[in-house]
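What follows is a group of structures, each given as structure tokens.
Shared between the two complexes below is subunit A, which has subunit B as its partner in the first and subunit C in the second.
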Partner chain A sequence: MNLAVEIQSLVKTYNNFKLGPLDLKVEKGMVIGLLGSNGSGKSTLLQTIMKLRNPDNGSVQVLGMDINEYEVEVKERIGFAGAGLYEAFKQLTVDGLAELVGHWYTNWDQDYYHLLINRYNINRKEKFAHCSMGTKKKVEFVLAMAHHPELLILDEPTANVDLISQQRMREDLSQFMEDGQHTIVMATHLQEEVKQLCDYICLLDDGEIKDMFEKDEIQNRWARLWLSDLPDHFKDDIRVWQIEESPTQIVTNKFSELEKELQQQQIEINQVKRLELHEILEYILQPSSNS
Partner chain B sequence: MKLPIVVSDDSKEPIYYQIELQIKRLIVSGQLQAGAALPSIRALSHDLSCSVITTRRAYQDLESKGFIETVQGKGTFVQALESNTQDQIKEEIVYSILKKAIEESKWMGYSLTQLKEICDKAIDDLERGDDRP
Partner chain C sequence: MWKDSWWIAKKELKMQIPGIILTLLSTIFIGIIITPTFYLNIINLFEGADIYGSRLVFEDHTVYIDSILVDAIFLGFTPCLSALFMWGPYISLRAIKEDPFGKRLAVYRSLPVSTKVLSLSRVLFMLFIFVLFSAAFYLTITISVPNSLFIHLEYHQFLSFILFWIGYALVIGSLNPYIESGTNGKVLYIYSFILMVSLILVLFVVHQVWNTSIVNATILLLTRAPVIPVIVSLACGILGVMIMAKLLNKRLSERDYL
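Our next item is the complex of A and B:
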């Protein structure tokens, strides 16, 4: 497997928060969505991959190189958006910021920068400090894209961004992924983003990776089933997460498995409904989870 | 380009299979002619909100069955089908649609005899040019 990111035994503590120890492998050509509540460690993880924060322990390999040893070489090939990266330079105009950032990258593409600035209706002469939250997000996105990176690390790239620009960003990100040689790791709260872009979902909870799975696996795993009958032994089954009556229905995270067993026991599945992502997250993240 | 494909999360059929079946349908019905270009795996995933793992699986199945061909660096294209394969696939598709309808009716409590009556009626109505239910 060709890995874009490989994290091993990563630990980062600060204040009262502890991230990890965690391991994560991201295959090249894939889009990984980091999901989790506010404060679950998504931004910390992204910043640690970017070496904006130094880990207490563990290793981070990006595009086959150790970020500690080859920081400059690796960062040339990464586009990063998030963490208020440009706040220190907020007195510059958007064009001024681009000039500054452009110097960091040998691959900087000024024409592509102009194209994106127009595409997202950004006023190039505006001081970054005076830009709205959404415009700042768009500027960060454009600056992350304009040097044609191989890997994008994005922290809620479309938060506060207008709907049309959000859709364009998703289109641009799909286009970015087109040749199968590029990779995206992104933190997000938006269902639409997960649906249209992500191949894998990585679920963070309180600094730990709670689960990681292929997005469409959800369809095979989680479902609400309406049944003709529910024998007692299923009521204590750990694969049954919720039971409701009239009409009899259960929620399961092992749909394919349970489907076969129910059929063997002559129980009819009257209707199947897949769960929405946020419903699944709620089940997985509930404190008394029975998995 | 966008393909007229719709996948359903609530179907019992896995998404890759739904995609596969619908592309087959577009090909055997002639809506996608031999040589026509298909969207890239990533673009189709975006349109259908599924992962590239799923679309890749559908394309790989279609490719191994000779429906499509991927040319490195150029894209994915519809292959010419032999006419007997075409007939066979058409029958498969009609069979699967009817089977789904029968399952649905059984679930509502119809017997097979009742089903045949309904089926005969539908055929009669269609032949008389009356397509109201």
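Our next item is the complex of A and C:
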């Protein structure tokens, strides 16, 4: 398997938070979305991959190389946006920041940087401190893209960004993924982003990976069914996540399986509704979940 | 590596120009303020403190104010010349919470910059401002001090004195980049506090228990042996910087930046 990121037995503890132990494999050419509530460990995981946080235990391999051994070589091929890092240099203009960042990449493409700056309507001469929250996010995104990285690590890249720029960012990311040689690992809260970009979803909860699945597969699996009747033995079935009466309806994560069984038992399915991603996540992440 | 480190150091220096100017002016000001006391202290040393010295006379002993002040400046202030002590985190309590040094390093750590390049850049930055501020401090004293000082102290002995204290300041001051970059804002303040308490303790022990002055002792030593103590002091300073650079590099590869 050609892996862009391989994490083994990773543990990071700080303050009262513990990330891991967790294992994660991300294939090249994939977009993986890290989902989870605030404080679930998404940013910590991304920062640990970038070595901005040092793990207590475990190993991180990026693009086939150990990040500890080949840190500079690996980071040359990564674009990282997030965590509001550039606030530390807020007295610099956008161009000043680009100079600070671009110096370190042999691949830095000044023309592409200009193109992106214009595309996102960013004023290059404006001080970073004076930029709006959304513009700051756009600057981070542009600086992560301008050296043509192989792997993008993005922490909520479109948070606070205007709708048009959000759409453009998604277009740019889709284009970035076109040749199948690039990879994105991104933390996000936006369903639209997940729907449009992600191949896989990794669900984080309280510092642990709760589940990981293919995006399309999960949306096919989950459904709300309105039934003519519900036999008792289904009430304790682990495939049934929620039951409501009058009218009788259930939520399941094994739709096709259950559909067949219900038909065999001649229970009529009056209506089927596919669940939205956020509804599925709510079921998976709720404390008394079936998993 | 040196080229990249110097590139970062230069960038940092450029961004800190207001801080550098303010600290430079403060250094010159302190130099001007301390010169008369420093001059008097040397006159006291060679011509008798009981004639000229500002002193507090107690029943069983006498406390010489001049020598305490001069000791405090040379022991406590000169190591500060390796930091922008009149700027940003040093004069703002926000640093305790915000850890501005760590946040700036985090940017570089998210880029393809090795910890070796980063730690060396901190050393170069520190050495640059240390040389600049030390030159300003000692030049101010040299220019402001009355010529009659050199009746007691020959020029080469005065130069030895300056170099000796530069060596000392470098030993202690070399810790600054480690504290700034290797720890967080809270430790920066704790370190400064510990340094101040240690200074007071040392001054108390030296003046009250041993009834002497450290600066005066070094002057007497250097009038007799103007070369070897200077070499030892400068060597300790250089060694201090080298050890700190190694420790800082290790620390930067292990620490959390966010």
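Rule of thumb we're sticking to: the second predicted complex is superposed on the first by the 291 of 291 C-alpha atoms of A that agree within 3 Å, B and C clash if a C-alpha of one lies under 4 Å from a C-alpha of the other, contacts with A are read in each partner's own complex, and residues count from 1 in each chain.
In the analysis below, a contact is a pair of C-beta atoms (placed from the backbone, for glycine too) under 8 Å apart; a residue touches a chain by one contact, two chains touch by 3 or more.
Source: prediction; values computed, not measured.
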Considering only touches as defined above, state whether A:L197 meets subunit B (first), subunit C (second), both or neither.
first
Touch check for A:G29: first (subunit B), second (subunit C), both, or neither?
first
First (subunit B), second (subunit C), both or neither touched by A:Y283
neither
Regarding the shared-chain residue A:F80, is it in contact with subunit B (first), subunit C (second), both, or neither?
second
Under the stated touch criterion, which partner chain does A:K51 make contact with: subunit B (first), subunit C (second), both, or neither?
second
Thinking of the overlay built on chain A, is A:W226 touched by subunit B (first), by subunit C (second), by both, or by neither?
neither
Contact set on subunit C toward subunit A in their complex
7, 11, 15, 100, 103-104, 106-107, 109-114, 253-258
Residue positions on subunit B within touch of subunit A in the complex are 9-10, 12, 14-16, 40-43, 45-46, 49-54, 107
Subunit C-facing residues of subunit A, complex:
14, 47, 50-54, 71-76, 80, 83, 85-89, 91-92, 100-101, 103-105
So in the complex, the part of subunit A that touches subunit B is made up of which residues?
29-30, 170-171, 174, 177-178, 180, 195-200, 214-216, 219-220, 268, 270, 272-274
